[in-house]
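Once you've had a glance at the structure underneath, I'll fire off some questions.
Chain lettering (A, B and C) follows the sequence in which the chains are written, and residue indices restart at 1 in each chain.
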Amino acid sequence: MLSLYLRLISISLRSQMQYRLSFLLDALGSTFASLVEFVTLAAALTRFGSVGGWRLGEVAFLYGLVEMAFGTMDMVFSGFDPGYFSQQIRRGTFDQFLLRPASLVLQMFGSEFILRRLGRMAQGAAVFALSLWVLNLPWTPGKLIYLPVVFVSTVAFFGGLFVVGAATCFWTVEASEAINIFTYGGSTMLSYPMHIYADWMRRFFIFVVPGALLVYYPALFFLGKPDPLGLPPFMPFLAPLAGFGVLAAAFAFWQIGVRKYTSTGT
Amino acid sequence: MQPIISVVNLHKEFRVFRHHRGALGALRNLLTRESRVVKAVDGLTFSIRRGELVGYLGPNGAGKSTTLKILTGILVPTSGEVRVNGRVPWRERKAHVARIGAVFGQRNILWWDLPVIESLDLLREIYKVPAATYRRNLDHFREVLALDDFLHTPVRSLSLGQSMRANLAGALLHDPDLVFLDEPTIGLDVVAKERIRQFIRHINRERGATVILTTHDLSDVEKLCERVMMIDHGHLLFDGQLEALRQRFGGERELVVDFAEDYPDVSVEEARIVERDGLRVTYRFTRGAVTASTLIGRLSARYRLLDLSVREPEIEDTVRRIYEERLLEKPGGNAGNEGTVGT
Amino acid sequence: MRPHEAQSVRGGEAASADWPAYAALARMAFQRQLAYRFANVSGLLTNGFFGLLRAYVLIALFGARHAGRVAGYSIGDAITYTGLTQALIAYIALWGWWDLMRSIRTGEVASDLSRPLDFFWYWCAQDFGRAAAQMLVRGLPIMAAYALVFRITLPPTPLHWLALLVTLALALFLSFCWRFIVSLSAFWMQDAVGIGRMAWIVVTFLSGFLMPVAFLPDWMQALMRYTFFPAMINTVVEVYLGLLDGPALLGALAAQLLWAVILYALARLVLAAGVRKLVIQGG
């Protein structure tokens, strides 16, 4: 299974590497694009001092974590990118996956691995590293173990959103653009501390699409900040449940989508 | 012996929604659900034995691709029984597709950016082809399909003919006992077409693969298939030998005569002249109304003949007649199954 | 393509007899943009959502200062700023415009150049048509939504409304010149798309789109104001919010106009060079 996956993504990687200069420019471009946003925020913070009570280092922690996770997801789940998958459906090339004696999900993961998105991940890592340098946090073994757990769970969460977006293409190809609000909008929103948003937005991202459980609450834990919303103290530790729960639900929805596709065709 | 494909009373209905356009239309799409039911396949029954080479004909929209999609397992029917290699295709997808090969028209089964040989190697891994089998098949196809010229070329750079040959090799690498070919000669020149046909004949005769061939090119059918299934509006109109089709519906035959002299009037009863080119005259006569030998007798009694030949009608014309004149209408009961299924 | 065939580049002035043609082109582009109904709606929703996020971030930045002003901006101004800049995204094609670059890459540009219309104005007319449509379906609805949800600022006097129209036109023209010049890089470079993407990011960064220029550190402001980028967005914002009055207002508009003239001249130069290259080397 793994070897087949690696072989499949190597195809995607090789065809990207064929255009080396374009690739470099694209990777730089995506790094630059994300960095520009953060730099502007940092510049504004020199005048304002804090955002919702969070100083630059703390915001950088949250922002960097989200960007790292989203950038990683963007690469690994490239095959499920709704923008890309909707084209596959439109052209009918998804049928080819059905005709091969290999797992559909494996083929989906293997169909694309867009390396230039590494730029966003790298930028996130840089911002996150900056935050660690500025903040001087007290690290415990528990925190050190939990941090990568949070990271992987967040990748799973965003991946789940992509999978849902791809699955909706089985019903309507045009909706894939609307999904962007959740994926890109969601990641932008989660980059800032949740308590700055309106009540309904906060509630939605805690109880409906539990993004806040993946980065904001764990961040409160790492940064040693109290919860301004007064929710139970175990909230920061629900990240793996939320992240993998969303991913599992997304794959269940995907299966429904595949069943729909095979019963009604294109 | 169990047939390799068994289809009983297959039905496939699609619900077609009226699609409203525009932003406001999208809202309407959500609220109202005007729909109608389209029967793509309406009570299809047939079976195919191992080793047959069957032509599957029908106009566009007749239900051919729907049937193929059901048989290959990528579409689930509304009702009916289907067994391929003893399995229900859509229920055991992976096991089913591991034993079949399928090439659909101009769609690729290979990877666009990869050299052909690498695509084939990747397919080997996906289909879990044993190394010895792979070697054997590869060498064989390289020879029979002349792949060496472009074995290391990426698929995107191949011509249509080369790409079809490469795809055929890929589809047969794992020794499937059942092969679906949808429009394999479309867009190819005469030489390339012939090459593909020879290959199809070869895999059927020498390698014993059962082949289902859908095509619009009736010369493919004439040259390859003994058995023909005709479908229209989801019904099976005809299922039998090609010759039977021709016999029953090939209404007109041609008699081509080379006269010894330039006779002014060479008309003959029960036949009409369709072409006159110097000393060569082409007559057309209705099968069943008069025999070729009667005509020849009449002509040779009146004139001196140098040479003659009898031409059968083009299957093209036969099929066109069938569609246009609705010669095989479903009489409201069962489909007009004609001829013996597998003589 | 022979030199005399590139007639649309010689002279370069839009002959008064050609105005109907340019108007027709603009109208055609306007209608074409309106036809992308689903893209328009989903784009609108996306822009609106991000505007909402940005508004909350600014509110959070203001924090306790929400009663007063920061760098001349009240909290209402700041919120309006987010709506206004989101409304401008589609209008000035902030995140890219590929039509001209595509035309150069496919070689279609040769037929564009042999039309009896000036090449620059040919594309400019179409861009104005597109922009008008975008303002209609993506710009105004966002401002309307903002007016419903927040208490937004409006231009204070009729003079400011007039100035707004002027500044919007100049900002669009400036943006067009920049996109035009960047697109022409496709004449020389294979990877023009990568250059293009960088170019649009530069605009995002330096135009005052992400944060009001006034909120940034002084040294950043100084650097930005040496470029023409703030004239694409920040000037519009300041005129709209009524942050400029009398001589300052005239000065800002004059600066915009000056930048427009400079970029126009630059566009002409680059176009001439590009055409020369095309004619000599065949593209």
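We adopt the following convention: contacts are C-beta pairs under 8 Å (C-beta built on N, C-alpha and C of every residue); 3 or more make two chains touch, one makes a residue touch a chain.
All figures in this text were calculated on a predicted structure; none of them were measured in a lab.
S.K.: Would you mind checking which chain's C-alpha centre is most distant from the centre of chain B?
M.R.: The chain farthest from chain B, judged by C-alpha centres, is C.
S.K.: Give the chain pair that accounts for the most C-beta pairs in contact.
M.R.: Top of the contact-pair ranking: A-C.
S.K.: Could you state the distance in Å from the CA-based centre of chain B to that of chain C?
M.R.: Taking the average C-alpha coordinate of chain B and of chain C, the gap between them is 57 Å.
S.K.: Could you grab the centroid distance between chain A and chain B? Build each centroid from C-alpha atoms only and quote it in angstrom.
M.R.: So the centre of chain A lies 48 Å away from the centre of chain B.
S.K.: What is the distance, in whole Å, between the centres of chain A and chain C, each centre taken as the mean of its C-alpha atoms?
M.R.: Chain centres of chain A and chain C, defined by C-alpha means, are spaced 31 Å apart.
S.K.: By residue number and range, which residues of chain A touch two or more other chains?
M.R.: Each of 174 in chain A touches at least two other chains.
S.K.: Which chain C residues reach two or more other chains?
M.R.: Correct list: 38.
S.K.: Any chance you could list the residues of chain B touching two or more other chains?
M.R.: 26
S.K.: Going by the contact rule at the top, pick out the chain B residues touching chain A in the complex.
M.R.: Residue list for chain B touching chain A: 14-15, 26, 66, 69, 72-76, 90, 93-95, 97-98, 102, 104, 107-109, 111, 113-114, 122, 125-128.
S.K.: Which bits of chain A are touching chain C when the two form their complex?
M.R.: Counting only chain A, the residues touching chain C are 19, 21-22, 24-26, 28-29, 32-33, 36-37, 39-41, 43-48, 50-53, 174, 177-178, 180-181, 184-185, 188-189, 192-193, 196-198, 201.
S.K.: In the complex of these two chains, what residues of chain C are touching chain A?
M.R.: These residues of chain C touch chain A: 38-39, 42-43, 45-46, 49-50, 53, 56-57, 59-63, 65, 70-71, 190-191, 193-195, 197-198, 201, 204-205, 210-211, 215-217, 220.
S.K.: Could you please specify the touching residues of chain A with respect to chain B in the complex?
M.R.: 3-4, 7-8, 11, 14-15, 18, 92-93, 95-96, 98-103, 174, 262-265
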